[in-house]
Structure formats: structure tokens, C-alpha cells
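Down below are the structures I want you to see.
Look for chain A in each of the two complexes below; its partner is chain B in the first and chain C in the second.
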Partner chain A sequence: MAGLAVLTVLYLVMILADFIAPYNFTATHRNFIYAPPTKIRFFDEDGRWRGPFVYPLTRSRDPVTFQLVFTEDRSRIVPVKLFVPGEEYKLMGLFKTNLHLFGVEESPDTAMVLPFGADRFGRCVFSRVLVGSQVSLTVGLLGTFLSVFIGAIVGALSGYYGGWVDIGIQRFTELLRSFPRIPLWLALAVIVPPSWPSTWVYFGIVTVLSLIGWMGVARVVRGMVLSLREKEFVLAAQVMGVPSMKIITKHLIPNTLSYLIVVSTLSIPGMILGESTISFLGLGIKEPMTSWGLLLKQAQSLSELQSHPWLMVPGLFIIVAVLSFNFVGDALRDAVDPYRTVEKV
Partner chain B sequence: MIPMMLMVSVICFTITELQPGDFVSQYLDNPRISPEQIRLLRERLGLDKPAYVRYWMWMKGIVTKWDFGYSFAYTRPVGELIWERMGWTVLIALATIVFQWALAVPMGIYSALHPYSPADYCMTFVGFLGVSIPDFFLALILMYLMLQAGSASIGGLFSTQFIGAPWSWAKFLDLLKHIWMPLVVVGVSGLAGLMRVMRGNMLDVVGSPFITSLRAHGLDERTVRRHAIKNALNPMVSIAGSELPNVFSGTIIAAIVLNLPTMGPFFYNALLNHDQYLVMAFLMFIALITQVGNLLADIALAFLDPRIRMS
Partner chain C sequence: MSASSKLIERGERSERVERILTVENLKTYFRTPEGLVKAVDEVSFHLDRGEVLALVGESGCGKSVTALSILGLVKSPPALVEGSIEFRGTQLIGLGPKEYREIRGRQISMIFQEPMSAFDPLYTVGYQLMEVARAHMPWDDAEAKARIIDTLRAIHIPDPEKRYSEYPHEMSGGMLQRIMIAMALITSPEIIIADEPTTALDVTIQAQVLNLMQELQRDYHGSMIFITHDLGTVAEVADRVHVMYAGKIVEKAPVVELFEDPLHPYTLGLLTSRVKREYKGESLPFIEGNVPRADELPEGCRFHPRCPRAMDKCRTLEPPEFSPRPNRGVACWLWEEGDGR
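Coming up: the complex of A and B.
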């Protein structure tokens, strides 16, 4: 149950990402490169309640280490307000607006509210995480849908027709399954040409991910179809002259639906993890689109980790999303499993 | 297994073929290299011949001369390159499997014997968590924690002073200090799965009639438990065999992040460089390992389960 709640929140946030984010995810802010997360305070230095606010940050260089240091300028209060006008964007890709859910009314040259800090180009990590969620979460859904679709059809064909079709398809899937996933992912991901525009790369990655997943589905669907094929209603349909494809699509596959739903929910986390891994290695989603894996790519070296640990936040989001999907999938599987005898408290 | 490997080789070749560009195309952007030179380079490396001719040449080399081709980037035969790194890869993979089993089996048994206890829930949750963390992220977190704890050399298998040094007890200790991170990173996700399966198996076995009959015979709990564990371990053996390729592929990501001298970062670089023969050889090798793993699992199962031996 908690899993479902978390997922609903995540997907709602994803749809409204541009609105919730205080800044545009590609907007760079020169004065705030590698800024640490700004603390949102409520009480000022005298202890008075002032509502949510941030102190503007001034950037200076440490004279000893030559590192950039951000110090808070406590003389000014910059309130954090709701529904502020900010940088322009297209809400859900449809209409232009510049209203953001929260933000500061000052220009980003002097003060910014950065819940998760900023990255190498001064881009707000929080905004990028929100926009990255759009890619990461939908890749899982699309990839799973595609792989389950292909797997169900192939499995049903294999199980229904039997004979040479069956043997051929089985040999082929056995062959593909003898490759472990990760090298195959990496090898297939390189096939997507780097010269393609971002959206095409996105669909390419979705295809690559789904190409690996359909085999498990095909196997199980084939088993189910093999047993379903012997039932009387199939015989009746054949005698009535219903064409084979119709039998498959209208009768056999809907009967496997409960399994398909469970296996989809359980493979979404694999897809999300796969996409993150590929993007982390630079073989997946390319700029300017962003995903959680790509965001983590910036946090790769030890020096980055030490000086700017807030760049690791997207990973937490990955964990939360995958964990929620695992919980939901597990609960679904327990609900559907006809052999359950033990009641879970 | 041979026809399987033949088809595997076809698939490997096709996958590498589909990748846009070849090794020479990275020189296309370089203004100092003329198109004429590029064409000559292609001819010399044999990259201008059609696909089936190249495939035939490659297979002929493997079958007759055990020659897996030539790595363009490293200018050395592929066979040598893979052989050098195979040692560490196999070692880490085997160590990970041992680590996974050593932890998963006791945890699974404990979980099954005390179901729904707080410890059980705790371990199940940790198991879930283990499956949900992407392995590269776990590597990052571990590196960060080690940095915070003040450790100086993280990643790689040895500290700087031991890298070229001859083997000694100190070097071995240093290895141990470094190797726990790859083991944890690669092993955690598999650990979770193994633990759950072990727990499920134990629960099934403990509830089965033969355990009840053993108890009815008056055997003490410890012996009963021993029998239960032996039976529950049975299906795990076939899982172990199929775990081998998973562990291998798991080491790839961890090795890239943690900078280990195994085949992982190697394969990754080869992919980025379009080093075709290296990529194909590596894919074939992994497929071979998978087949071997499955075979071993079948043999082990036949060995352990007297019922299969009799049939």
C-alpha cells in the first residue's frame, strides 16, 4: 500500500515537473556553480518567525585552497513564495507560462533556492531531478509494455501452433537467454547512433531494453497457452471456424492477463535500473534530455563525491521508485497466486 | 553445445555489425588524416569487405588457429588481452558467489525458522532494498562513505604501493582490504534473491509431511533441521549454476566504477572504440560461460539429488 502511494506521488510529480521545479532544467546560472543545497529557514537570526526564506549566497574563493566557497549573506532575507513567476517553460509541452510552484522573486544572479544544490553548470539539481523523472519513469512503463506485448504474442504463437514454429521460437529464445543481460544491454545500446536527436535516442533505448525482456514473458505465456489450448472453449471456437489469430488474441491472451499484469509490474524496476545503468555509462539518454542515471554520471569521480555529495540525490529517487514498484509487484503477485495458503499479517 | 556456440557467434557478429561506424570512423573527423588514408586503413584492416566475408574470415581464424582477431585499439591479439584479465574476473566472480551463498543461506534458514519475526521482516526489507539499489549507485555510496571515514585509497584492487610489487603477506592483506567493496557491490542484489528463495524453500520443506514423520520418529530438532536444510538446498544448486553469468555481468558495472583490472572496463572501452573483435570475443566468452554454468548446474544437481541419479 505504501508502495502505491509513493508511486502515485512520483507520477503526479512527474507530470507537473516543470511547474513544481523552481528553475528550468537547462538554465545555467553562473553565480551558483556547485552551490550546496540552500537551507530553507523559518526563524531569522533574532529568532523571529519570518516564514520560509533563504539567505542569498555570495561566492568567493578560499585564499588557501583556491576552492570556490559559498557563504551566506545574512543581512538580507529573501522570502520563498508560492506561485512565483520565474523562467519560462512549456507546461506539459503545451502552453507557455512562467509560473512556478515555489521560488524566490529575485533574479537568479543574486539569490536562488536550491533544495538539492547546483551542478557543474549552476543548474538546479532539484529541477533536473524532477524533469529527469519524466524520462526515467516513462522508460520503465513503455519498455515493459513493449516487451510484454512482444513476449505475449510470441509466446502465444509458439504455444498455440506447436510443432516447428514452437521449436524454432524456443531455440531462438534459448539462444538469446544464454547471453547475460548487462553486456547485451551495453552492446545493443551502442547500436543507437549518437547522431540521432534526443527523442529518437529515447525510443531507441526503450526498444533496446524491451528486446531483452520479452523472452521470459514468451516462455511463461507459451506454457500457459499450451495448457489453455486443450480446453473445450478453444475447441468450440475452432469448430465454429474462428480464425486462429482471433482465437489467440480474443481468448488465449486475455486469459493470461493476470500473469501479464504481475510480470509487467515486476519488470518495470528492471527497466528503470537498466536505463539508469546505461545512461550512467554514457550510452543511454543524451543531453539535453535528462534522466536520473545521466544525472548520476556527474557524480562519478571520487573528487566530485567528496566536494559535492549532493549530486548523488538522483540515486535516492531511483531507489525509492524501484522499491515502490517492487513492493507493489510483490503484493500483486501474492494476490494472484492461487497456491497461497499462508496469510500474511 | 557447438551448434549453440555457432549461432551465438552469428548473433555476436550481427550485433557488432549493427553498431554504426567502425574502428576507422573515429579518424574521419580528424583533419590531418585524408580520406585516402582512411580508405587504405580500411583495406589493410580488412574492414571494407562485405559482412559475410568478414564473418567467414573471423570464424576460420578461431576454428583453425584459435585466433580471435586483433584488437585495433590495443594493437595486440584479442586472445592475449582477454587471457590477462580473465584471472581477476574469475576470482572476483567466484569470491562473490561464495560471499552471496555464505550470507544468503544462513539468513534464509533463520528467516524460515522464525517466520514473521522482526528479524525476518528486517531481513526481507534489506533484501528488497538490495534488489532496488542500482549497483553503480551502491558503489558510489560506498566510495563516499569510505571517503568520509578518511580512507585514502579506494577503488582498484591494491593501494598504490603494492601495484607492481611481488606477492607478500602484506599485499594479500591489502587485497582483502580492497576487495570487500566489489564483493558487496556485486553480491548484494543476488544476495537478496538467494535469501528469499532459500527462505521459500525452507518454508516449503519444513511444512512437508516427511519432516513431520521424522519428528514422529523421535529425532531431535537438530537432526531434523539438518535434513530439512539439505532438501531445501537442492533447487538452489541449479540457481547457482545460472547465477554465474549474472555475477559476471554484475562485475562489469562495478569494475567500471571501482576501476578494477577485470574484463568489465575493458569491454566498455572496446564498445566505445568500436573495437569489434574484442567486443565479439568478449560476448562469445560470456555466452560460453553461461553454457558452462548451466552445464555445471545440471551435473551438480544430478550428483546431489539421488532421485535424478536413479532415473
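Coming up: the complex of A and C.
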């Protein structure tokens, strides 16, 4: 249940990402390079309630370590407000607006609200995580849908026709399964030409992920269809002159649906991780588009992590999303398991 | 109505007999790793319009495979189907899949043994009836639905509109079996193959379903191949009976004659092992041994290891079909010359 709630929140935030994000995810702010997460305060120096506000930051270099340090300028406060006008964007690609859920009514040259800090171009990590979720969370859904689709059809054909068709398809899937996964991903991802626009790259990655993910589904669906096709209702449909394709699509595949739903939910995390892996290794989603894996790429080196730990935040999101999908998948699996003993309360 | 009076009535009704199905030398062999399995071996029979032909035999003697061979649903690469199946002038063996689909369900339909598993649990029975109707008949949805509900009413299903939108699990086995009969009837086929339609039902429901089938058979005047191992139901519904043993037809007879004067020792064995009142207190007579497995058929007559009257000839030579009396056929060496009594 908690998993489902978390997922709902994540997907809602994903849909409204541009609105919730205080800044444009590609906008650079040279005064806030590697700025740490801003503390949102409610009480000023004298302990008086001032509502949520931030202090403007001033940047300087540490004379000894030569690192950038940010100090709060406590002389004035910058209130954080709801529904502040900022950069223009199109909400869900439809409505042109410049309202953001929260932010400061001040130029990003002097003060910013950065819940997760900023990266080395002074881009708001929070905004980037939100926008990145649009890639990371939908890659899982689309990729799983596609791979389950391919898997169900291939598996059903294999199981229904049997004989040489079955042997051919099974040996082929075994061949594909025996490749090590990550190198195969990378090899396929390299095929995606770098000149492609980022939306194409996105679909390229989805295709790559699902081309490698369907084999497990195909195997199980084949097994289920092998047992289903011996059921009398399939024979009855054949006797009554229903065409084979209709038997497969209307009777065999729908009867495996409970399995397909569970396996989809359980394979979404794999897809999310796969996309993160490819992007982390630099072969997936490319700038200016972003995804959680690509964001993590910035946190590759230890020194980077030590001085700017907030760059790890996208990783937390990956963990939360993956865990939630796993929990929901487990719950679904238990729910459709006919052998589960029902505990009476 | 007794079977004999029905025979007479039919004789009066149709002067000209129309032969609707002729099966000649049908062989259905399965290639398995253990060797060739002769599930149906040189089976010949025919079916006239309006007639009920019963195929009787123990489990595994090839009754159902014969039915599936007629429908072309024996998976062809591992199985060999040879011989001739002529349905109203069309040779069914070697017919293309598309042409076969036109015949299946439309002209020849089938009723199955297990009504509970013969429906897809995911769809309403109405949907599944509709699927058959729409596959074959030029009706639009509204007309198809009206026809389906009429058919359901014709088989005495109470409240057919409500039943139409119910799922298989909401119905009893007897109800589903009747709906399956409706499904077989919806396209008004020439032949209905009923594969042990009453075996899975309670005895009381069996009687209901049998009565219904007799009634429909009378009204629709279609032909039926009735597959069963229950001689009691044979006596009730059939006009002619073919007894099968290990993939072969061993005896052909009109139903009354079969019961009064069985020719083949196997038929005799079957008839004497039925429960009768005279046997009270004694153990039932039975036929020694089992039906041989189709991949380990004995040489000669397939029944000889179990036959009380087996001769030397029976162990080496397969008996052809003899016809010691009009309308009778028996595959047994006892009847080679005249009387085998």
C-alpha cells in the first residue's frame, strides 16, 4: 500500500514537474555553482516568526583549500512564496504559464531556493530530478509494456503452434538470454546515433531495453499457453471454427493476464535501473535531456561526492521508485496467487 | 420413445436416404518417440441425414480421435491422417485451413464431455455464443443476440436474457452442457458430434440432457455422431451402433439388433458386464485384461488376448469385416463362414 502511495506521488509530481520545479532544469546560474541545499527557515536571527524564507548566499573561495564556500547573508531575508512567477514553460506541454509552485521573487543572480543544491553549472538539482523523473519513470512503463507485449505474443505463438515454431523460437530466446546483459545494452545503445534528437534517443533507449527484456516473459507465457491450449475451451473454439489468431489474442493471452500484470510490475524496476545504467555510463539519454541515471553521472568520483554529497539525491529517488515497484509487484503477486492461505482475522 | 419405434418412424418420414458423411479406411497414426501409435486404424462408416450413429467403446479405443480426425483437428505434423472423409461431396482430408474453418462449427459442430472446461472462464457465455455465431453467420450483433436467445429458449433455459450475460462459473454443469448444445446448434449444422456429452453430469441431469438431445434431434432433423462408453445411453438415443476396440470398428449394427443379438465376442462381453438384477449378490462378469496400448497392439485380431473364443487364426491374421446378416458388420473370424455362434 505504501509502495502504491509513493508511486502515485512520484507520478503526480512527474506530470507536474515543470510546475513544481522552481527553475528551468537547463538554466545555469553562475553565482550558485555547487551551491549546497538552501536551508528554508521560519525564524530570523531574533527568533521572530517570518514565514518560510531563505537568506541570500554569497560565494567566496576558501583561501586555504581554494574551495568555493557559500555564506548566508543574514542582513536580509528572501521570503519563499507559493505560486511565484518565474521562467516561462508549458504545463504538460499545453498551457503556457510562468507560475511555479514555490520560489523566491528575486533574480537568480542574488538569491535562489535550492532544496537539493546546485550542480557544477549552478543548475537546480531539485528541478533536474523532477524533470529527470519524466524520463526515468516513463522508460520503465513504456519499456515494460513493449517487452511484455513482445514476450506475450512470441510466447503465445511458440506455445500454441508448438513443433518447429516452438523449437525455433525457444532456441532463439535462449541465444538472446545467454548474452551478458550490460554489454548487450551498451552495444545496442551505441547503435543509437548521437545526432538523433533527444526524444528519438529516448525511444531508442526504450526499444533497446525492451528488446532485451522480453525473453523471460516469453518463456513463462509459452509454458502457460502450453497448458492452456490443452483446455477444452481452446479445442471448443477450434471446433467452432474460430481462427487461430483470434484464439491466441482473445482466449490464450487474456488467460495469462494475471501473470502478465504481476511480471510487468516486477520488471519495471529492472527497466528503470537499466536506463539509469546506460545513462550513467554515458550511452543513454544525453544532455540537455536528463534522467536520474544521467544526473548520477555527475556523482561519479569520490572527491565530487565528498564535497558535493547532494549530487547523490537522484540515486535516492531511484532506490525509492524501484523499491516501491517491487513492493507493489510483490503485493500483486500475492493477490493473484491461488495457493496463498488466507489468514482469517 | 423406444429406439425401435423411432427407427420405424424415421423410415416412414424420409423415403430417400441422403448420405451425408462417408468415412473410408480412416487411419490416424501418431508418430511418437516410442514408435507409430495407431489410434484409429482403417475405420469405415457412414452417416445418413437425420440419423444418430453411436460410437461405443472403452476409454482409449479411438472414438474421440475419430471425431477430431473428421474435424481436421488432429495436429498434422506429428500425426498421419489418411483415408477418405467425404462430407456432402467434399473430401475433408487435405482440405485447406480456411475451407476447413468454414465447415467446422458451421456444418459440423461438437459437444464436449466437460462443460465446465469447454468455456473460457474470462468471457460471458453470451459472448462465446456470439463469437461462434459471428464467425459463421451473416448476422449483425442484434440479430445474432436475438437468435442466440431464441436458441437458449428452445433448449428450455429459464430466463435466457439473464443467462446470456452470465459467466461460466455462475452456472451448474448441466446448465453449461445445455448451453454448449445451444452453441453447437446456433449455426444449424448438418452434423453434431457429441463426445460423451453426459459423462461428466449427474445421473438426473444426464437424463435431462439426453432427453433434450433427442428432442432437438427430432426437431432439427440433423445427424449426430454420439460417442459414449455407456451402453445405456446408446439404447436411448442411437439408431445404429458401431463398437470400437483398439482403434478399429469391430461391430456395426442397428441398435435393437445389437442388444438382442451381439455378434462380436467383445460386444457380448460389454453387454454381459452391464449391471443387471440377476447378478444381485454375485460379482459382475467382466472382460479379462485391458485395452492394449495403441503402441503395443497385438498381432492378428486386436481382441484375441482377451477373447474367450480366440482361435489360432486370430493370433496371426487381422479379421476383415464380415456381413453375416443384412445391415450388420462384424470383424471376427468366427463369422468367416456362416454362423459364428
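Following the convention adopted for this analysis, the second predicted complex is superposed on the first by the 341 of 345 C-alpha atoms of A that agree within 3 Å, B and C clash if a C-alpha of one lies under 4 Å from a C-alpha of the other, contacts with A are read in each partner's own complex, and residues count from 1 in each chain.
As a convention for this text, a contact is a pair of C-beta atoms (placed from the backbone, for glycine too) under 8 Å apart; a residue touches a chain by one contact, two chains touch by 3 or more.
Since this is a predicted model, take the numbers as computed values, not measurements.
Residue contacts after overlaying the shared chain place A:233 against chain C, while chain B stays out of touching range. Once chain A of one complex is fitted onto chain A of the other, the partner contacts of A:200 are absent, as it touches neither chain B nor chain C. The larger set of touched chain A residues comes from B, when the choice is between chain B and chain C.
Of the two partner chains placed by superposition, only chain B is touched by A:305; chain C is not. When the two complexes are overlaid on their common chain A, residue A:254 makes contact with chain C while staying clear of chain B.
Those residues of chain A whose C-beta lies close enough to touch chain B in the complex are 175-176, 178-184, 186-188, 190-191, 193, 195, 269, 273, 276-277, 280-281, 283, 293, 296, 299-300, 302, 305-306, 309, 312, 315, 318-319, 322-323, 326-327, 344-345. Only residues 71, 73, 75, 77-78, 101-106, 109-110, 112-114, 117-122, 131-132, 135-136, 180, 183 of chain C touch chain A when the two sit together in their complex. Taken in their complex, chain B has these residues touching chain A: 4, 7-8, 11, 15-16, 18-20, 116, 128-129, 131-137, 140-141, 143-144, 147, 154-155, 245-246, 248-250, 252-253, 256-257, 267-268, 271-272, 279, 282-283, 286-287, 290-291, 294. Touching chain C in their complex are the following residues of chain A: 162-164, 231-233, 235-243, 246, 250-251, 254-255.
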